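Remarks on the structure that follows.
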Amino acid sequence: MRMVVKVAVAGATGYAGGELLRLLLSHPHVEVGALTGSSSVGSRLGDVSPHLTPLADRVVEATTPEVLAGHDVVFLALPHGASAAVAEPLGPDVVVIDCGADFRLTDAGAWEQFYGSPHSGSWPYGLPELPGQRDVLAGSRRVAVPGCYPTTATLALFPAVAAGLVDGHDVVVVAASGPSGAGKSLKPHLLGAELMGSASAYGVGGVHRHTPEILQNLRVAGATAAAPTLSFTPVLVPMSRGILATCTAPLADPDLTPEAAYAAYAERLADEPFVQLLPPGQWPQTQSVLGSNVVQVQVTVDRAAGRLVAVAALDNLTKGTAGGAVQCMNLSLGLAETTGLPRVGVAP
Amino acid sequence: MRMVVKVAVAGATGYAGGELLRLLLSHPHVEVGALTGSSSVGSRLGDVSPHLTPLADRVVEATTPEVLAGHDVVFLALPHGASAAVAEPLGPDVVVIDCGADFRLTDAGAWEQFYGSPHSGSWPYGLPELPGQRDVLAGSRRVAVPGCYPTTATLALFPAVAAGLVDGHDVVVVAASGPSGAGKSLKPHLLGAELMGSASAYGVGGVHRHTPEILQNLRVAGATAAAPTLSFTPVLVPMSRGILATCTAPLADPDLTPEAAYAAYAERLADEPFVQLLPPGQWPQTQSVLGSNVVQVQVTVDRAAGRLVAVAALDNLTKGTAGGAVQCMNLSLGLAETTGLPRVGVAP
Amino acid sequence: MRMVVKVAVAGATGYAGGELLRLLLSHPHVEVGALTGSSSVGSRLGDVSPHLTPLADRVVEATTPEVLAGHDVVFLALPHGASAAVAEPLGPDVVVIDCGADFRLTDAGAWEQFYGSPHSGSWPYGLPELPGQRDVLAGSRRVAVPGCYPTTATLALFPAVAAGLVDGHDVVVVAASGPSGAGKSLKPHLLGAELMGSASAYGVGGVHRHTPEILQNLRVAGATAAAPTLSFTPVLVPMSRGILATCTAPLADPDLTPEAAYAAYAERLADEPFVQLLPPGQWPQTQSVLGSNVVQVQVTVDRAAGRLVAVAALDNLTKGTAGGAVQCMNLSLGLAETTGLPRVGVAP
Amino acid sequence: MRMVVKVAVAGATGYAGGELLRLLLSHPHVEVGALTGSSSVGSRLGDVSPHLTPLADRVVEATTPEVLAGHDVVFLALPHGASAAVAEPLGPDVVVIDCGADFRLTDAGAWEQFYGSPHSGSWPYGLPELPGQRDVLAGSRRVAVPGCYPTTATLALFPAVAAGLVDGHDVVVVAASGPSGAGKSLKPHLLGAELMGSASAYGVGGVHRHTPEILQNLRVAGATAAAPTLSFTPVLVPMSRGILATCTAPLADPDLTPEAAYAAYAERLADEPFVQLLPPGQWPQTQSVLGSNVVQVQVTVDRAAGRLVAVAALDNLTKGTAGGAVQCMNLSLGLAETTGLPRVGVAP
């Protein structure tokens, strides 16, 4: 006997929604139920997302309680601020997994500072790799899926924080990303002619909304600095998908060797099914994890600069959003955490 | 009870070999056996192909009869001319699926003209969608996997030929392709700096080796022209993977309507699991099929020009090589043809 | 004493307008005057087009007769249909060079069929390389700049037509292009995430508006077919700029040799300053002409297919639009045709 | 009367050599003389570098004293270690401008640590924007052109250092770059199929050779830290050209406002012809400076992180190498510094 859960996706026609469906279609315990949208209601899914071949003739419905009723799991891939109203009528027994930001931050002040709206509260944070977090997520009926940059930066840095190699002060993260993280927004700077052949920084100077989320994760991982600080700069580069985060932090011990840093990472990542610490000397590249739920990590020590340097690569739509969300669903439902999630990238 | 076949890949470190392994790793009836190479013998696979996470610690062996012995299926992803010598000692009971060109052409003269070497003979041609070809491939112990351009052009045109909409004379095919089809060759024109931001034609004027193979397929599909002819031009464009073939041919009936052409395609493609005829008005794009075994097809009629125009998009490494090869393995082994093959592209 | 002309650009904030300004800034006889727009009126040019460093602080004005008055030359880079109303009040002495389609076609019926609006008439056609066209353009006060695809296809094919190698029947053109030709339009399929890593056909089946324009040019070049026909398919590929057109046509003489075809091209292109016939065996690539006003051309004969094959590469914004427009301005003003126009591409 | 200098390029067939020729061809005081290479000796330049249309029929000569004799200026674009032997026989009166690393570092120990070979000495450092450096370069007969990353990072940071906003300790630079900076090397990781759609870090952990060069520049700019330190990470991204450097450093004054930082930059960059401080709020993108000699810079303050953040974008082959070299030649010859150098990028 095989368990089958019925799954709805609210916001099915965006990039995150499309990636959820790609993964759910090959999940052995999932039956794809309602697909909802807003401006695309009534459209054939194949017209909007022509890669979803098996669902091409499905029609996009409105995001209403009636349409979403009767599912075991509902994924939300909605604009920020919309999740609470959609989730509430679903009731406490339905597993609701929110790919938006609404329930990620525990600190209402940080929320209000960065999002400029009232705080909705917080749900269990869907990063199973964070120390202690698998227990929180097991059986949880509500999950806030992390942002794509926080997933990348956290998976690069948490072993160093947890092992006390760095204490969380003066962390610097610069992350190159493709534009799919920005969604299917019709903005001039997201046009292909503008992006191809170009790199640009945005959200510079501590204003990007993922900044407090990364700091929150460093605290959860055990940052001992009185006040962890982070300089975070996202950089848009010409690839559809992928994030490569370069993360550095001052060494707690100026004599830490690269070998010792590597060993600490190896110990903490040994049992992680989706975090692959590369062999010493090999550095991550986003192509290797395209379409997979794997994040590749490497670490070294720059003694002259007094900093630990960790680099992580993932696919922002897979491990960075939809794959991470399915991983959380698996934990919530008591399935093996890796069920239905690809571990091989589409390279080259 | 589940059937498990042991599969070796000769030429495992090239792009075709890597894609075979990506697909075989998620095939429910496959155990991945020996991985062989030439210049990479002794390397850890993860150093050469970092996306193959689950096989990262496997070591590349030499391509010898001893190493390849004891497998149920052996895939060959070798340079042209090398397959016969590797296949022969494997014996007639092993399924040998050759991704190279050696056994594709039935006409020794065409082989010698285009490849400049003696003809090795021909094996059953691994394009199940060609009329009658599934029966040939069922249970076959030898398969010659088609070239990536011939797969694309044939799947765009065979319904028209089979339905008598065109007779195979004066066919013109221009196909845009990413450079992964050229393999991991260290040639200056394949450098990233040369390719990014640039489109270029090559093999122009009827000299590309896939020309006689496409013509052979049109004949198999039922071309009635006394002598089918083809002007084929490949164009290199800046994307790692993908082929988009624009195929035109003179109309047998100058009054053919687009609707009638579409209906003929719909009829012939109705039961094809991997050929998706898009709804009228929607045209193929390679992104939609990235990493999947699907080919998307559309057709129309240009009455003023007197030509049928068909366009097909596929991933040259998946349906165009390794996915097609696995599809043939399924037929050879009596498995469901679609087993283990992705039908959803990694988009955007 | 140096002649200086004052030049206005109407539609200065689009891609064609920006490219005009890039070229005009290095033109030794030009003073850049009014820059006009529509939705961007009042903007600082540097905010809209940050590459135009020397004009960063200029402010975009409205496209009115008052603003455009007092210039010697006015370039129009406006949406189709808008040029006539802007040009009329400028008076007959001002040189008006229209980068839009409005005045390109001489055949009112073709215009109405493809553009679905009343015909505005026609102006001297701004392709100096067409036989006899330099005389028409010398001193002309009105110029209709060709479309980017017609420039490419015509420069690839006119020597063959003019030399009688082909007669203009059953021409097939497939042209790969970057999205900048579509302008800065906020359409989903022009988003970077959609375009990167993807190739797609559009305007298939004889419906693209550049089809009648290419046919018109073949007639001007001397096509002798009773009714020239063209199957034209544009293909979008992931590069900001560039067009690579693959053009084939049935041979008038089935025994034509590649050498004879090349010699005919060499003879007709010998004195062309911007059309570079590559040495035999070298094929065009768009990168080589990026940002330059050069078009690279190569030709061969496919005897088995009975077709001449010519390939041309250009930058759609330079030679394909703004560079061609400046070349016409030079002819109109009696300057050396090559004045101020780059002949070296930005490669790699 | 117009001054004309005869210029040779040693290493003319690489990417830096090709870019030098692109710029020299439009320089009003330059006559292009000998073009030399090594493996390409005897080749037609047009076969190797098809974008250099006006020089297509020139033949590559050997890099010998005889071939290089009789020129006023010789540019060296040679592999590291080769410059001294080529420069010596040219004599002290010839202007020699070295695009390689050999003479950049003044500290022999740093040279030996990072390059692993004996130090050749140092030449005047070709970054005119560094405080005091224009005087050094005026009339100099030897110039060491900076590395591409050091040019970018230095132009982003020197105003902050010179104004005392930061003191040079704990600087962190992460720079995204296209692969043309690596030259035309036939290495697997530089293949187009590997690079397109992928971002990867390399030279991580303080080992990249540009690290001591950036530190040297910060000292020249006035770094007051007892020992300036730098964590530098280069990241390869999928674009042919361009560097975007994100540079952060601890604030000397924790209460520094963004406005005060901007004002300090504005003051120090006011007269720089090629450094464009963007208006507040606009951030650099590499596309805007493609093919131009301009570097775009922006700065802000992240008070919460206690760091100044400066971002710079340039074209690694133009301002980052060949354009910077021509700028130095202008200074050496007493020409206006901006002569022959483009200030408008090829965008989009």
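As written, the chains take the letters A, B, C and D, and residue 1 is the first residue of each chain.
Following the convention adopted for this analysis, a contact is a pair of C-beta atoms (placed from the backbone, for glycine too) under 8 Å apart; a residue touches a chain by one contact, two chains touch by 3 or more.
None of the values given here were measured: they were computed from a predicted structure.
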| item | value |
| --- | --- |
| Chains in simultaneous contact with chain C and chain D | A, B |
| Chain whose average C-alpha position is farthest from chain B's own | D |
| Distance from chain D to chain B - Cα centre to Cα centre, in angstrom | 45 |
| Centroid distance [mean C-alpha coordinates] between chain C and chain B, Å | 37 |
| Multi-partner residues of chain A (at least 2 other chains) | 15, 180, 191, 193-194, 196-197, 238-241, 285, 287-288, 290, 347-348 |
| Complex contacts: residues of chain B adjacent to chain A | 15, 18, 21-22, 25-26, 44, 46-47, 49-54, 56, 180, 196-197, 240-241, 276, 278-279, 282, 285, 287-292, 294, 296, 342-348 |
| Residue ranges of chain B in contact with chain C within the complex | 170, 172, 174, 176, 191, 193-194, 196-202, 204-206, 211, 229-231, 233, 235, 237-242, 244, 246, 248, 250, 258, 283-288, 290, 298, 300-307, 309, 311, 313, 347-348 |
| Chain C contact footprint on chain A (complex, rising order) | 15, 178-180, 182, 184, 186-188, 190-197, 238-241 |
